[in-house]
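Order of writing sets the chain letters: A, B, C and D. Residues in each chain are counted from 1.
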Amino acid sequence: MPWLSILIAVPVLGAVGVALLPKGSDKLAKQLALVVSLVVLGLTVAMAVQFSPNGNRFQFEEKYSWIPSFGVHYGVAVDGIALVLIALSAILVPIVILASWHDAEGRPDATGLAPKRSAKTYFALLLVLEAMMIGVFAATDIFLFYVFFEAMLIPMYFMIGSYGGVQRSYAAVKFLLYSLFGGLLMLVAVIALYVVAEKNTFMFPELIGAIQDPTTQKWLFAGFFIAFAIKAPLWPFHTWLPDAAAQAPAGAAVLLVGVLDKVGTYGMLRFCLELFPEASKFFTPLVIVLSVVGIIYGAIVAIGQTDMKRLIAYTSISHFGFIALGVFAMTQNAQSGATLYMVNHGFSTGALFLVAGFLIYRRGSAQIADYGGVQSVAPLLAGAFLIAGLSGLSLPGLAPFVSEFMVLIGTYERYAVPAIIGATGVILAAIYILWMYKRTMNGPTAEPVKGFTDLNGREKWVVAPLIALIVAFGFFPKPLLDVINPAVDKTLTNAQVTDKQPVSTVAEKKGAGQ
Amino acid sequence: MGETITFWVLAVTSVAAALGLVFSRKAVYSALMLGVVMLSLAVLYAVQDAPFLAAVQIIVYTGAVMMLFLFVLMLVGVDSSDSLVETIKGQRFWAVIAGLGFAVLLALAVGNVAFSPATGLGQVVASRDGNVPTLAASIFTRHVFAFEVTSALLITAALGAMVLAHRERVRPKATQRDLARARFAGPQPSPLPGPGTYALHNAIDMPALLPDGTVAVTSINRVLARHEMEEGFEPTDPEKAALIKQVLQKDDARDAEPVEGDKPIQVKDALQDENALSEEDGK
Amino acid sequence: MTTHYLVLSALLFAIGGVGVLVRRNAIVVFMCVELMLNACNLAFVTFARQHGNLDGQLIAFFVMVVAAAEVVIGLAIIVMIFRTRRSASVDNANLLKY
Amino acid sequence: MQSPAEIVQHSGGVIGVSWLMIALPLLGAAILLLGGRRTNKWGHFLGVAMSLGAFVVAVLSFVELTGLDPDQRRRAFELFEFIPGMVNMGMLIDPLSISFALLITGVGSLIHIYSIGYMSHDRDRRRFFAYLNLFVAAMLLLVLSDNYVGLFIGWEGVGLASYLLIGFWQHKPSAATAAQKAFIVNRVGDFGLLIGIFTIWTTFGSLAFADLTQQVTGQASEGTLTAIGLLLLLGACGKSAQLPLQSWLLDAMEGPTPVSALIHAATMVTAGVYLVVRSGAFFEQAPTAQLVVTIVGVATLLAGAIIGCAKDDIKKGLAGSTMSQIGYMMLGAGLGPAGYAFAIGHLITHGFFKANMFLGAGSVMHAMNDEVDMRRYGALFPVMKVTAVTFIIGYLAIIGFPMLSGYYTKEGIIETAMEHNAILGWLAVLGAGLTGFYMSRMIFMTFFGKKRWADDAHPHESPAVMTWPLVILSIGSIGLGAFLILGNRFMNFLSPAVGLPQELPETHVFGFGPAALATLALVAAGAALAWFRYGAAEVPAVAPRGSFLTTFARRDLYGDALNEALLMRPGQWLTRIAVFFDNRGVDGLVNGLAAGIGGTSGRLRRVQNGYVRSYALSILFGAAAVVGALLYVGNM
């Protein structure tokens, strides 16, 4: 059964279906979109169940010739890393659809919020985006990956540009141009890779180890890496993210930060390391410095933000620093942690953005100063915000902790000083999250906040699965790690790295005892 | 030897005529100069074993095309001459530089080649008994497709010209009776006042004065006034100048409005406008 | 002799080009374009004789046909523009800018 | 000298289900938080029941544990794989953890019961009990986990519970700020703990206590061990409010009083001591780290005592005292196996008498309309006798009145310290004297002297649900010390977990050594001084401007001012600069580039002037260029 093609096709067909609905059938459009996304989720679960973690690296492979003269294939397959990211997308989309139920409708007393737009288009775009996201993670042909990588921008561009806040067109254009710039560098590198490798194919598995010359590797690495660093975004290529995330409607921001940006870090892990192992080692110090700077810098700037969504965006920059750090630390723990981080960050930031979106929908403003004392009037809302926030500061017992712990411990194995500096992000995270929480939720109830209603049924259904996942994976990350670990193992093998061994003999002693 | 003389005579003539074409102020002169160049070239064709082309050149170009040019010139205004003031900065200078440079380059290119004596068309033509049959054979055999396409092009061009130049008549053409009725129904049955009456000048470009000394607006000659305003010969009397400007602006405003169909009686509109203007004056 | 004809052709072509550039009356500009076409025709005819091949004349013939068609359409356009704008100056038709 | 026993894998029995201790309160918290208003009616009973349930499991586990041979008393079992290849979640039931479990569930249950009364008027009582349950679960996870990651999860879990409970009255900005401060300062400590855990992992390749025996840790260099020790100490300082991370504890008194009793006196703040004792395998082979632990302990015990001397807020006074007493425990923990039993013993007795006094203070506040200023109390003894008597028992225990709990455990620490390092010992004696002063001051100002009540105050004894826990706790305050210390009972009990010193200390019912005598004399002097200044003399209702020393103590030794000057303000500036740099620098560069390109195109598009002749000119130039190029190429 061509699982992946079905996964890509279903949302596309759904989007067409939604778009073709007659005018005025907004409600039907929403319901249809939700059903389609749930079908996709169901299919993803069915596929994930059949995945055997210790089997072949790539499973559910499909390969058809697309442009024979250039050796371009429609090639899709997943390994553990791609699988969890596809699952993340499939989980987030229905939640986002549910959360965005009224996003396209504007508000009767709108103050700076998006005007009324076609709901149908919005949900069709969401579904198209889902197809692109699944495609980009599933692609094993580098050219196909590039196509999805760029095509993904288009629905997101319209979602920000048409449904966003006051400065939506500025943010959308900035997002698009920035990403396109990176994408073009990558296109050059992709073509150069094809030419230099002389294998007449773009299939990723066949290109591993194809480039031996170190200088060529470095150039190609740079081409890919800058694209991914912009996408991720890594410091100092990050400034598009706060604008885009702050202007995008909350649901779109979730997908933007939660999934789209993961393509950057995923690309580093999958393509940069495996295709250009020598260059990766050469650039590791640079990337680690950028990541650590990003962790601290993102956190400090986040502390200074006055806009909730911008603040969350900057926290994500800090978190992407952690992920990149983990990817380039080149240890099993760090890379598994980084992959896990991508998933957990999707849930955690998703929850934060969505709850912030609920707040903004009620108040009509994203300024932190416009809130205060929400907990007294809407305790559930505040509670959801707190849990989402705590997951953002990697509180143990919540999912992001496991990943952050693994990233840091894995980094510490090889690069102690960056890990220590990065770990100070733990303190800064507490400051930005709790300070935001205090200013919005605690203290005397502000006058405009008094009329707030608590979470309604729909909103509860949005928040509940996310929080359940965050808590569940916080205590029991094994199912994810079991899938991720073998894939990371292969990555490390292809990147020609071996793990460091601890000084002491505990492990040996255990080994001898068995 | 004969050819050399012919060439030099015609070369000088044609270059001179070409320069005249470019530099004469009046378009009619330019057209005539172009005719001279074309005729010269026709002769040069004939000299160069191309009698058919020479004939076509004279018939099509000098005959048809040039006449077309002249007709259009008549439509647009034969006597209007171009202003010599160049409005685009540096255009003339760079145009001359580019033209000269291009000519020099082409000349260099040609000069660099050492041509063997011309093969001549004698052999080719001989097989088919003359230039025209040979050419005809070529056109109707090898190049028949191109020829047919050209015919399509010509038909399209003819159609296009008709469409472009055609104006749909949306009302019945006004008869003389209609015109007379309109005139008497209008505010001014009498002819418009002539220019310069009771004025200091009797020149045609000066408006007539009414008994109270004010300008009779209806006597302003629009074409002249526009010409003078554009060329900067405003009346010395500022009041008159202002008035003329006003009238012209009014005309411009009317012209700027979208033209719908064919207005049957322009006179009437003009009269009404004038009437409105003089009313304003009265106030 | 061929060289002479060709140089004459080049000269006429350049003059025509300069004319297009410096004249503002659309009709005169058009005439200059015709001059350039004629210059080309001269070159074609010259080459036909030089190489003993009638194809040059053939091309010249086609050029004339196309030129005729072009003149018809071009002049029609000029007339139309003049009718609406009351001017045949090419500089006045500069709406397509920036 | 005897090393700790090997950890044995366990299955079955009550110990096999001892995870219920964590699960029950966690379940309670989940039900109360998710159940919403439906559970308002019976929520507090559920909370108490879950806590008591955990206590029952703890007692049964304890009984089962004591039924085993002493060298078999370290039982561990695995629950599930947490991070494959790194950590398995498991429980470790040994004398050390079970002692803590008993203290947490026992005192915790009493405080749960007390809270039923104390919080009866609060509309959010259900939420309060949910948080308390959450705390108990997290604290038990902290002490029962068999590895450092589990410990860390519990460690942060109690931090979260503490944050939630300090900020329980979140509508008060001061409470919200205090909660936030507590969490952030704790995070600084957690940072150290985290790095310590990293170092343990990279050095030894395991995070399970069972693997980190002294034989294993002995293979690492002393430098590494010292580093690990200091990093763990940083974590301990954060959680246990030791210098230099002490500043949050006094602010934490913004929380409801039962919270102060349970979390900020009896249990959570002692987690640092637990960590140091549990990590004995590292500390005992890193003397430098141990020395630092004792220095931190002594410094904090003096600082806390000095702060306690000047506070008029009864809860803050008790908080200073808590700091000070934890300083004693830290000192004991830094002395190696000889001090462990006394440190943990003091921790347990302190858990009783300090909880006792905090709850007593809560009872007083309850009676005085939530007034906390002792200068507005006075002469409360006659109106609330049960509270007063139990409070005074706690008081006598803490100042080390002979035969009461505090006497044995504190004296043990002082004696051991004296043997170890005389300077530390004498400073600890001095601290005891200060304790005598400030605690007596508190008693005199609260229960004796003249009435200085606010006009609308009508003090009355608290309901039975609040007084019974006081009574039970005060019984513990009287007898527990003697029970534990005499005959080295506790030391022997703990020995499988922490080892034994080379020679066991001698214990007497009356241990009048020179140090004990000096301590008693100083305590008596302190109490007498307090009597003259606050018992016999008139206490002004408004605090007079004190000397420099008083102000110094009132302002918490300028700890907050120091933090503000050294960290907060530079931090704020850094934040502002970073934000400015981001907007103008990084983003400015990006936007500048965009503007540059936009401006250039704007100028460049002027070339498109609409004049067909200009275009033709450029075409001619282009044609000329092509011809030129062709010529050039042809001539090459």
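Throughout what follows, a residue touches a chain if its C-beta (ideal position, glycine included) is under 8 Å from a C-beta of that chain, and two chains touch if they have at least 3 such contacts.
For clarity, every value in this text was computed on a predicted model and none was experimentally measured.
Remark: the per-chain Cα centre closest to the mean position of all protein Cα atoms belongs to A. Of all chains, the one whose mean C-alpha position sits at the greatest distance from that of chain C is D.
Averaging Cα coordinates per chain places chain A and chain C 63 Å apart. If you average the CA atoms of chain C and of chain D, the two centres end up 95 Å from each other. Chain B and chain D, compared by their mean Cα positions, are separated by 99 Å. As a whole-number value, the distance joining the C-alpha centres of chain A and chain B reads 68 Å.
Residue positions 88, 91, 95, 98-99, 102, 106 of chain B are each in touch with at least two other chains. Contact of a single residue of chain D with at least two other chains is seen at positions 609, 611, 613, 617, 620. Listed by chain label, the pairs that touch are A-D, B-C, B-D, C-D. Per the touch definition, chain D reaches chain A in the complex via residues 33, 36, 80-86, 127, 149, 152-153, 155-157, 160, 163, 167, 170-173, 175-177, 179-180, 183-184, 187-188, 190-191, 194-195, 197-199, 201-206, 211-212, 216, 219-220, 224, 571, 574-576, 578-579, 582, 586-587, 590, 594.
Of all the residues in chain B, the ones that touch chain D in their complex are 88, 91, 94-95, 98-99, 101-102, 105-106, 108-109, 112.
Note for the complex: chain B touches chain C at residues 3-4, 7, 11, 14-15, 18-19, 21-22, 27, 30-31, 34, 37-38, 41, 44-45, 48-50, 52-53, 56-57, 60-61, 64-65, 68-69, 72-73, 75-76, 82-83, 86-88, 91-92, 95-96, 98-100, 102-103, 106-107, 110-111, 113, 115, 118-121, 123-125, 134-135, 138-139, 143, 146, 150, 153-154, 156-158, 160-161, 164-165, 255, 259.
Partner chain C is touched in their complex by these residues of chain D: 605-606, 608-613, 616-617, 620.
Chain D meets chain B in the complex at residues 609, 611, 613-614, 617, 620-621, 623-624, 627-628, 630-631, 634-635.
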